[in-house]
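Just dropping this structure here.
A, B, C and D are the chain letters, set down in written order, and residue numbers restart from 1 in every chain.
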Amino acid sequence: MQKILNYVNGQWVEPQGVESVEVINPATGETRAHTPLSRTAEVEAAVQAAAAAFPAWRRTPVQERIQPLFRLRDLLKTNMAEISRAITDESGKTFEEAKAEMVRAIENVEVACGMPMLLKGEISEDIAPGIDEMMIRQPLGVVATIAPFNFPGMIPFWYLPYAVATGNTYIVKPSEKVPGAMQIIFRLIEQAGFPPGVLNMVNGAREAVDALLDHPTVRAITFVGSSNVAKYVYSRAAANGKRVQAQGGAKNPVIVMPDADMEMAVKIIADSAFGCAGQRCLAVSWAVTVGEARNEFCEGICEAAATRKVGYGMEEGVQMGAVISQQSKARIEQLITLGASEGASVPVDGRGTVIPGYERGSFVRPTILMDMKPESAVWRTEIFGPVLGLMHVNTIDEAIALANAQSYGNQASLFTSSGAAARKFRYEVEAGNIGINIGVAAPMAFYPFSGWKESFYGDMHAQGMDAVEFFTQKKVIVERWPKEWTRKF
Amino acid sequence: MQKILNYVNGQWVEPQGVESVEVINPATGETRAHTPLSRTAEVEAAVQAAAAAFPAWRRTPVQERIQPLFRLRDLLKTNMAEISRAITDESGKTFEEAKAEMVRAIENVEVACGMPMLLKGEISEDIAPGIDEMMIRQPLGVVATIAPFNFPGMIPFWYLPYAVATGNTYIVKPSEKVPGAMQIIFRLIEQAGFPPGVLNMVNGAREAVDALLDHPTVRAITFVGSSNVAKYVYSRAAANGKRVQAQGGAKNPVIVMPDADMEMAVKIIADSAFGCAGQRCLAVSWAVTVGEARNEFCEGICEAAATRKVGYGMEEGVQMGAVISQQSKARIEQLITLGASEGASVPVDGRGTVIPGYERGSFVRPTILMDMKPESAVWRTEIFGPVLGLMHVNTIDEAIALANAQSYGNQASLFTSSGAAARKFRYEVEAGNIGINIGVAAPMAFYPFSGWKESFYGDMHAQGMDAVEFFTQKKVIVERWPKEWTRKF
Amino acid sequence: MQKILNYVNGQWVEPQGVESVEVINPATGETRAHTPLSRTAEVEAAVQAAAAAFPAWRRTPVQERIQPLFRLRDLLKTNMAEISRAITDESGKTFEEAKAEMVRAIENVEVACGMPMLLKGEISEDIAPGIDEMMIRQPLGVVATIAPFNFPGMIPFWYLPYAVATGNTYIVKPSEKVPGAMQIIFRLIEQAGFPPGVLNMVNGAREAVDALLDHPTVRAITFVGSSNVAKYVYSRAAANGKRVQAQGGAKNPVIVMPDADMEMAVKIIADSAFGCAGQRCLAVSWAVTVGEARNEFCEGICEAAATRKVGYGMEEGVQMGAVISQQSKARIEQLITLGASEGASVPVDGRGTVIPGYERGSFVRPTILMDMKPESAVWRTEIFGPVLGLMHVNTIDEAIALANAQSYGNQASLFTSSGAAARKFRYEVEAGNIGINIGVAAPMAFYPFSGWKESFYGDMHAQGMDAVEFFTQKKVIVERWPKEWTRKF
Amino acid sequence: MQKILNYVNGQWVEPQGVESVEVINPATGETRAHTPLSRTAEVEAAVQAAAAAFPAWRRTPVQERIQPLFRLRDLLKTNMAEISRAITDESGKTFEEAKAEMVRAIENVEVACGMPMLLKGEISEDIAPGIDEMMIRQPLGVVATIAPFNFPGMIPFWYLPYAVATGNTYIVKPSEKVPGAMQIIFRLIEQAGFPPGVLNMVNGAREAVDALLDHPTVRAITFVGSSNVAKYVYSRAAANGKRVQAQGGAKNPVIVMPDADMEMAVKIIADSAFGCAGQRCLAVSWAVTVGEARNEFCEGICEAAATRKVGYGMEEGVQMGAVISQQSKARIEQLITLGASEGASVPVDGRGTVIPGYERGSFVRPTILMDMKPESAVWRTEIFGPVLGLMHVNTIDEAIALANAQSYGNQASLFTSSGAAARKFRYEVEAGNIGINIGVAAPMAFYPFSGWKESFYGDMHAQGMDAVEFFTQKKVIVERWPKEWTRKF
């Protein structure tokens, strides 16, 4: 059984005398490890290490700070299979999905390797005769990320490479459910050559979270998780005067127009709704057909749902893996039942799924909730499982109105061949990530991961220049150097 | 007596049945007006008006949205004297200071006139073959500013022009102590041609503030005031899920090096410490001399303090006006007394100031607290009056350490002729606005007003691109348009 | 008869003893003025004035340099009718077209008013420990524009406001055919408050052009005109070591897809082809229909061409004015005849147009060259008159291939309702300005006016940030300020 | 003896039947290789290969185009010693200097790895209701570099990584004197995984240069060399309608103020003047002392010049190597003699240098031309050897005037401890690269290499965003998608 350690000040540390939680392979039900639940003292040690490393790291020129990131990029590439396997065995997703996740992680490292360009400040000559003004971006100090279970290898990389490339020192708290990928990644970080204390990891749960939110030395917090925890993190960190961004849940709509390429729409929407067993904040969660799109799409998507191959993610040909836990499986099944009780039919029903050979696995097959009602509770509830609701309207205006009636705003997608429909949609729909003939509108690493409404609290987002802005503070300098002073020479 | 009205939905509105507070000319003690203390219902009306105006305003092309700003710029220029007189008669500052304040306001309008450039989003072709990605900045909706008393004509313009040029609709709550300037300015706004509801004003105090902080339709809050209220605003708005920036107090140091041009240093530091009667968040509040700078600087600054002409700000030759109120005068005098009790000497003492002909005025003459102690409470307390503390150390390292020991970080200044000292200072000192041979390092409108530490809560600042970032939300779009689809033609 | 003067060093100057050319109202045939053909000596005087004004203007802070631009914007707005009338009476275009031209001119002034933001340089702290690097944009010195006849009021504003806002001093040589608008505009420039020598105007033709191209003090040249003169200007200015951009001619295609909104396509394409009597470098010059688009479009466009009301541009209801001169009329008619001789039919024929009451006017009615051949000379020749060629192909690929076979690359447009067609088109077509369901894809002032291929020589374009880049040179500074040096204090 | 080959379309090619020139180790006089002088046909083949590779390379997503650059970075790092040895043995510089050169090359690769960020275009919603505008950067096609002998491993990297990361295909013509480094580097390029034809190398001299300048398929040319050839390249490429930048020679001044740290100034200026045997376009070529700086600096620099260890660059402890050739040695010695004849004294004289054991080497020891006259020809002539002229003035104003009297403008440096002197200097001195207490103000790869005056022809420079601008053309798109069109659904 793997030992899960903290990584503090360049050392692997085993927290003593703390509770732990089991890490279970969702496909097999086997216990893989125990995550120690670090207490405030362990967080304190990590903060101290990060704070001690900060002054020298901040003084390291940016093009030297990116050198270990270039090495880390290479190491992540060469060790992708090992990390991905750990992701599959802890999160339940397929091996292909795990590798795709790591590709995204690496892209963020690559973007952060361009930090010398991104970190530039500004300068203006002669704001008054002989007086210049400049703005310089300086790092904050110690910053931290609280990561969720669904992308254990990727989400820390929305922040980590930007945080350290800009000169901060950093602490990550992985999800206690999926600590394994970051164990491997920190081994690579160790090889990449970061000075001790620049990158730190503390495993744990609620107490560790609160310790980070409350510690006066931690200058900024990034969080990804459910909306209610996101709001908690946002307001608690703010009450402590911190800079904070907190990304929450989603209930992402997709609109299918009658002029869509229906075959493509079915395939992509199925991938979006059932990929990663629906446990993605960008997963399409409900589809609304417009006018004549209805029949062909509904038939197609039911077929796609019914035939998706479900199983252990390491097995060849498996298209969808397990959900994260038995509790999650139970919750998803309850929500399907709720949907049915609220008037939806269930033409494809994943409740009670048992995969032969993996009877202890937490599997839920793809499920369709047909004719979900806009007044139903299930329509407003994030299921975080492989369940796609279907609705129908007559016009694109109705469809957009329905999308905008949701309190979440993480993603919205449209399938159409019409330039006008696409433009109207992206102009009017209230979500931060928009897909046109795209199922998972995940922004590239050089764009912000841009949630809206209850899917995001804060102003600057993950990835790209938003991350640079978030992890730096601006210093404005006004300088007067009278040329008269040179007369004395 | 002037009537103070709200401006909602393009109409001047008199709140009925509400309490009011007296607006007193701090120099003469005369009552000029009564500010109505709007209640939640008045705020609600303004929010409704702003919300109703939003959809059409947002759809107005940006180069049309800036047209009324161009007109407003002209109107502010031609009406500067009238506005400035109102500022002087309500805030106590001199007429020259009031005009300088309005110059800064106008500069912000001018920068916002450049919004077509600043609002641009980004686009990348071929993030995958045939797939493009773009980022568009869209307005938030209804946004609001809670303004302080010390710059009644300028501080709303740190936000207002950016908020509306980016397509938001806007509500300002001026300080109840100084409502007059904004009454005139909204008359000009009316002439400038903004559609009804785009710009709104609600007068009031605590209840109006809380109504804005709590209203679910208000998407973003900007605040300037004391640090404890700033922190209150930051955490309450965050708990309501809002985007928020809150600018707080200051205790700004200036370091005088032995190689400084001493005559210039004395003049500029006196202007900084005593200008606007010290009621500026960028006022120098304490000076620390290094090595041999001590004697010459101390003599000079005492002389400058003792000879500054104090009086009614509209009178010719007056260099310093009144503080905002009798309560403020009393508080400042108590803090001087506290400083003296903590070991500082008071070679120039402004307590008990009476200006002949203005016996009811709230005047405090320039005051020097010599040899203020780093362990004293007065050193850590924002006085917000014309009081300059003096300290002395032997090296620039000690001086910077002292500056960084403050919990505030709004501004820090250095007087020197050394390029190396300047660079070391701007690199090491922990403040957002830095002056080199500058007394009031106020960023130009095209730079952020960049407080640090307890002087600022949030990430994006006032003015310039920070304001654009703050008042917009990013929408990321991923588009697939298969070229195969064109084969059907 | 109006006197056409030069404007040099803040003075109106009448060149003595020089030849002149008649300025003729193309609609009435009346002589309006005589343009003096300044010689090298007059250019020399203007260059001297501009050079003398440069040092002080360059040292004027940018936010002061934009103040006269704000005033000029207001003056252009209030005097738009007078300027537009002069444009109509010299260029032949309609009064509405002249006003639209001035709107574009003003937009460029507005963008240049945002120069404090656009002129910012860059700074990086710690490129090595204790060493900083910065880049500052500084003006070049004396720069000049050689303007064409077709947009006498607009094209100088693609450059002028950027040139002076960035701190250069400037000389414009208007087209000798249409000097009147700039006479009025320089009267406004005089009122706007620019210091003498900052903005200068020299009227003339070839000798003045060469004098500008050869003068060693002129640092940069911008030119708009025909491609062969553009290439001449580009290579002669380059041989003199200057920075240069030269915009040439065009032969702009439009593709009409079968899924286009045909009514809209006809209307917009007619406006594009016949607006300004076809004398626009963004005018659509030939239309290619794809598949079933043919019949409906051809019928519609012939009808639109045949019914367009032609006459004196100041008359109410006139939709199209005269071409610039009798020579131009003759040349256009010859090209129509050439087209006919090369196999095109001429279902709508503007040859021999006479407008009653304006018998001396240079009128050519809208003309259609149906079934123009790709191998014909007329297809490769810029006509610069109200002549639209029609062609037909079966697929979008053929249509794009045809568009790309042209040696010009100024504009290409597509009419479609398909997002995929639009994307394919903008990805593949080789032109700098692209319209999707747009007839005249004129970039807004905050975007570059971006010709390609033989339509443009250079790298940076007119308008926006391109103009800022073009009119400034970058100075990179590397600074070492050892902190050890502060020990001596 | 090494065989020097071309690299075309992914193949190593030996030009047949062409002349060649000897490549001689300047320190030993030994022949190392023969560079084939490719003729127009070889250039044609390379252009064809590059043109054929362009369409697919341009369609490759930018984040895939950077993958081989990441690999190339690693390969350059691991093969740095081999490349550097080739540089030393062909150019004469020391091994340390060669390695430092390669560090700069690698930094440019690293910056180009950030291309996804740098290549972004712009987008504006609603330039009119329902109409959007965007600007996209697209590659030019085939572009080429003509490289000089003094930095055989670095200068191609000012362009190559940017050219290919932006989607162009590329041809480099190395200097025929120093072909070896690029032979190794192209071996690494081969391993890095670029598709055939994307990167090509043609060895040769004048005929190959002209073939590149004249070929209609080559869209852009970059050149580094002497000013007269730069001007030739600039005007010939322009006459062919190409985009071009051409970097020329230099005669770089350094000003030494009396308040400079004299020990540091001497050391750094000696390194600048004598490093790379003075064969750098950023080498300090003449020093002017101000006031009391004279004696101490002159003594120090003579001492530094006299004691610099000269020899074969691969030998331990050698501080300065050979100049490029016997002809160069002879020319340098003649210029020293000229300087002496024009009134300068030669307190340290490198003429007639013979290094024992390297009697066939082209060595010139560091030389000082004391009291060089401003009216002398030697003061205006680029020596490109280890010769430092000394001059003296009384004020900084005189010193700057002298610097600005030069026709070149590549670099200017100042040594001072005064912030005011530094600011005055960088504000007033007419050069593109400025050093404050810096001897070789080489811009980092993320800044432009910014020559002025006769040191540069063009507008966009090498490195960073300038290179991105230079190697891309902007396409502006205006799109109308009427929302009415969605009603039909």
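Quick notes on this structure:
Note that a contact is a pair of C-beta atoms (placed from the backbone, for glycine too) under 8 Å apart; a residue touches a chain by one contact, two chains touch by 3 or more.
The shown structure was predicted, so the numbers you read here are calculated from the model rather than taken from an experiment.
Across A-D and C-D, it is C-D that has more C-beta pairs touching.
Interface of chain A with chain B: the two copies contact each other largely through the same residue positions, with over half of all numbers used appearing on both sides. Comparing mean CA positions across the assembly, the chain most remote from chain D is B. Each chain gets one centre point, the mean of its Cα atoms, and the points for chain A and chain C are 48 Å apart. Chain C and chain D have Cα centroids separated by 36 Å. Centre-to-centre, using mean CA coordinates, chain A is 44 Å away from chain D. Among the residues of chain D, those in touch with two or more other chains are 63, 116, 120, 122, 124-125, 127, 135-136, 417-420, 422, 436, 444, 446, 479, 481-482, 485. For chain D in complex with chain C, the residues that touch the partner chain are 122, 124, 127, 131, 133, 135-136, 231, 234-235, 238-239, 241, 243-244, 261, 264, 417, 422, 426, 431-438, 441-444, 446-450, 452, 454, 457-461, 466, 469-470, 473-482, 485. The part of chain B that touches chain D in the complex is made up of residues 59-63, 116, 119-129, 134-136, 138, 416-420, 422, 436.
Across the complex, chain A meets chain D through its residues 63, 66, 70, 73-74, 107, 110-111, 113-114, 116-118, 120, 125, 130, 132, 257-259, 290-291, 395-397, 418-424, 427, 444-446, 464-465, 479, 481-487, 489.
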